[in-house]
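Quick one: this structure, given as structure tokens, is what I'll be asking you about.
Naming follows writing order (A, B, C, D and E), and every chain is counted from residue 1.
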């Protein structure tokens, strides 16, 4: 689906144009065309492939939404694929955005159920001074918005981690903590695989040898890289903390287990003493004088109670009960 | 076994030729020869060694099917070894494919029980525009098909991992989960050792300094590299998840163990109380008035039942039972 | 809030100046302006943005106090962001300091509740020989003080770790050790994320290609880098030791558990022997001659005592009790 | 001990020569000397040190057989140290081989109890076409044979690992598996420390900047490197698998433990029920009608049997027994 | 404290000189001054700071003995800091040695309680041929001796590790093994932090771009680097083995625990059978014919003995006892 197809001159919106007229506008000086597609099929993409002279491999990548995030140069043009990730009901929803940017054009191909880039376009059109830097600025604006959308995702991961941490030192929650940590680990890895390759790739858009298209906008791409790096660091922290939390969880299970054991042992000792005493007075010896005492029975019960109570207090003091 | 020996001109199939005629065809301009061998022995390979001027070390590597995946330059020629991996009955079957590509020739040597490259040849012959780029395009097509065959392998690993994950939080499956995880870890390492060195090696076929043969086709090799990198990432995810899953499995065993312990402790306490009571009334004191009561016995049984029931309910409430 | 706005000439303090006069002083030879802001809002920063010609991206970073530590070049100017970390009541308090340094000016923007840089300014003004090296020396002085403030933080982490270590081989402290180790791990990661990127970034201020501003002061920046590296190493040691300590803690739990088990087993055996003996003499066989002995009962008790005592000594000797 | 001292011309063996004549033969064009020493002392090595102009540091390294594997350049000459490892009775036997190679000479110094290099010399002398490439080819031949001798070592490690793996999921073998895994880990590290530095070092003998001596033979050294890399990969796999196996072993112990616990709990419950019933009928209440029944006793026994049998079947069904 | 202050000419000792005369001797051709200080304060160092023109940052580092090992260039001069580590009573004692080396002078500043460098000076003076290479050779000699003193330290670590390993598979030593492993881990990290940065730094003293001072002596520094690398490898092996040993220790605890459990379970079963039998014959049924048998009692005891013995033998056979 074609979402937009607009021509810009000197950073100002000229008008919505038909795909057939693109070549005319690209020929004008200081003019470029910005096209946005959503879930296009091969046929919808074909006319742009011709007019922008896109490489067949890049087109294939744009259509099959499972690419590794990357930045590729094809001659003077750039081809960028990114993962767009959003949180919905605690689940991560992932899609792909591919951007072709070359002299005179930007083409974005989005394959993600969520929010589009109408906001980006609006913001760019409000800053014609910046927009007149042309396609590379649009590319920056698109990358910037996608990267900015990672922040709430990472915050969701961090919030989930904190919520698990609150639980981890509470008894009896080991199983559910573990399931949540495992799930969180997977989500963290998904975000990491979106962020790390893109950070690596975007590092080529500023600094040393820079594609001609980005020469004047490299400070912006450094900013994108910087945000990606910050996200990477946060993700790495979450990841490392999860690993520690899983270990701590195991230790907590062992500690709880150990405490259960001590209590078990203490009660077993108390019961065993009572059992032995009852057994002793249940013996059938002919000469057991206490059996004939008037208060033998209550005394015996009292003795049993005392013995058990004494042990109980002792175990209490040593912390086993 | 010689599978094919065909000459191509300007990207079009000329004809099947005899090995003896290869030199003639190689001498023609815009012409190259594409030979495919399957499990050849030293004698079968010898004539090609001469006509293509292959290096003895490379020939040895092609004949001994246990090489590390690699891309080597011998003068203007390239020598590529790859692992071909397929899944059969849950097991990974591995073989080697070696490709010699130089000006005027491509020679593929396959040592793998499975499917050959007839499909690749057919597809190439349908696109003469591409095929006329010569041996390096054929090299790309062969690498591409082998790399594409890794995807179902990785998907099989991921499917197995997911199936284990469904099991991992279910009680009583720890042992079988563990065996399957261990097995999966080994298979993952096998795939990794096929993919990682090839990704590294193929990174030299595009970008900075590129072998002369690949100058015009480097965008294709970048695509191969990109696929390999994607597979690497997937394999790495599987690997890391297995490690976590083994730890989680251990934790689950400890948690289950802990729960068994609690139940054991609870029942032991209940039984102990009944035993003590029975022991008390089994004592032989002369003066135990309740022993002579009319309903002493049923009362005693009732008291024992009550005591046990009370404990049972209490343990129930604290979650030990 | 504007903390200071002072002009310097040849390393000597000229006078406090109004922001409006900055341009005049910057125009003088051998003269520079050093401005210090604390928690400024966009409006407060605006005049400096104009007079120092600051890049909008850098300004945004300076205002939003959650940047990754970094060193960025904007033309001839440098933009540095750092985390300032202090310890308060066992908690780490973190804030950001951003420094803009260019020909003729230094502007520091602090967003941290704690101590400011009045001391730095004073020390610099006492060494006009050094201060006359200009903005890059001020930048060094600011980095130096922030980095020096990491040392007590790391020492606090090390002290906490040592205090946990004293506890770790003591029985019954596993749970609290674990909580403290987990907490310490988090703090360590916070410090690491302040130090590591800054170390990486500051490595570009000396050695190979150096920003023009730092040409004459690079030995100072090497010193900063060196301190950062030392802190990194200390943090890394703490981090690795925590990981080991968590494992050791788990082992200690298992060892304690094992000892509890042995004691439990030993006592259970002792009690069981007494119970069996009591049970035997409680049997109702008609012909049990010992039951009729005069001293049968005391003998039986003695035998039970002996059996238990014998077992007790035996377990004692094998270390189970 | 001088094993051999032979002069070669144009790849053909001239004759055994005395050390004193070495200089004469080195002066001839297309001529080189190949000396092999075994466990020499300082005095035996001294004459060669002079005639070949060996650096004192290299000579020291050659005499003290505990060097890190390395390749060093001394002017036009190369100095290579390698570990030679063989398997004897399940133990790894390690020694050092040092090779000095320069224009006109090769000197090998072996300090290893096992097999020498007579075979290498014979094979080289059978291929004068190759041998006439001079000292660097001999260096290659020596490196090649040492590296080839690593393969059986790695296979022995792999065989041991597989044998442990067969055992690891079998109950009751945890202790011996663990001891064997620990031992294997140490051996693996020994091999790794022989292979990894040599692979790194040999990577400098082909490709970019190559020592003059190896210019024409670099494809051979690439082959050596390739073999080393393959061994490294195999060793790495063994190492990583051992780590996993140790974890799996721990999990297996925990699982077995858990099963023992369940059985213990089940039997304890069965016995407890029988004990309670016997206790009940051992009580001394006056009115316990069943005690006077004709078949009270057998009925009681039957009831006890039934209760125990019922529990037994129930535990059987839930898998606890 | 000034330990020595000696002038050398052409590698030969001229005489002990006063610090005030240093400048004169430095002015002579082929002459250099070698000064050794021990625990100097700021005042003692001041004259040398002036005459050798030392950088204030380097002087500060030399006085504060907690630097990271490093090699820094200040113009033509080199500044090297190293950790000196010795073993005393099983503890590691650490100190710092700083060396300033420039054209015409070497100044060593030692802050370590142990042995000084008198031996190094003596050895150098015995080899005037080498010593005449000047300050860089002295620097090498000092580095060499410090690095050589690491070897016994590493051997002490290895010996301690081996002694723990002998213990680790012995029952009942888990706790002490663990404490020793933990302690060893810390010491290993201390050595590592002395060795690794120095190895990295010393790699800049030979090979590619080398400080002018070391041009003619770089083969010596390569030797130092080589030794450091060997030590690093050994330390790394110790470190990795400790990690494995801690895991193995935990597994051994679990295995021992498991065996204790089995024995406990077996004895519990044996005792329970005896208890039940005694309980049965303690029941008060009127019609229990065996109670009246002449040999009922001994038969009962025999039966109990048989049952227990049978179980005992059975458990023995299955390895539980």
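Quick note on the criterion: a residue touches a chain if its C-beta (ideal position, glycine included) is under 8 Å from a C-beta of that chain, and two chains touch if they have at least 3 such contacts.
To keep track of the chains, here are their UniProt names: A, B, C, D, E = Magnesium transport protein CorA.
None of these values were measured; they are calculated from a predicted model.
The minimum number of touch steps separating chain B from chain D is 1. The chains in contact with chain A and with chain D alike are B.
In summary, the chains found to touch both chain A and chain E are C. Chain C maps onto chain D through a rotation of 145 degrees [Cα fit, steps of 5, range 0 to 180].
Inter-chain centre distance (chain B to chain E, centres taken as mean C-alpha positions): 40 Å.
Remark: chain D and chain E have CA centroids separated by 25 Å (rounded to whole angstrom).
Looking at chain B, residues 247, 250, 254, 257, 261, 264, 268, 272, 275, 279, 282-284, 288 sit in touch with two or more other chains. Viewed as a contact network, the protein chains form a single closed ring in which every chain touches exactly two others. Each chain touches its two ring neighbours, and walking from chain D in the direction of chain E yields D, E, C, A, B. Remark: chain D residues 165, 169, 219-220, 222-223, 226, 229-230, 233, 237, 240-241, 244-245, 247-248, 250-252, 254-255, 257-258, 261-262, 264-265, 268-269, 272-273, 275-276, 279-280, 282-288, 319 touch chain B in the complex.
Across the complex, chain E is touched by residues 55, 57, 61, 66-68, 70, 72, 74, 172, 174-175, 178-179, 181-182, 185-186, 189, 193, 197, 243, 246-247, 249-250, 253-254, 256-257, 260-261, 263-264, 267-268, 271-272, 274-275, 278-279, 281-284, 288, 290-297, 300-301, 304 of chain D.
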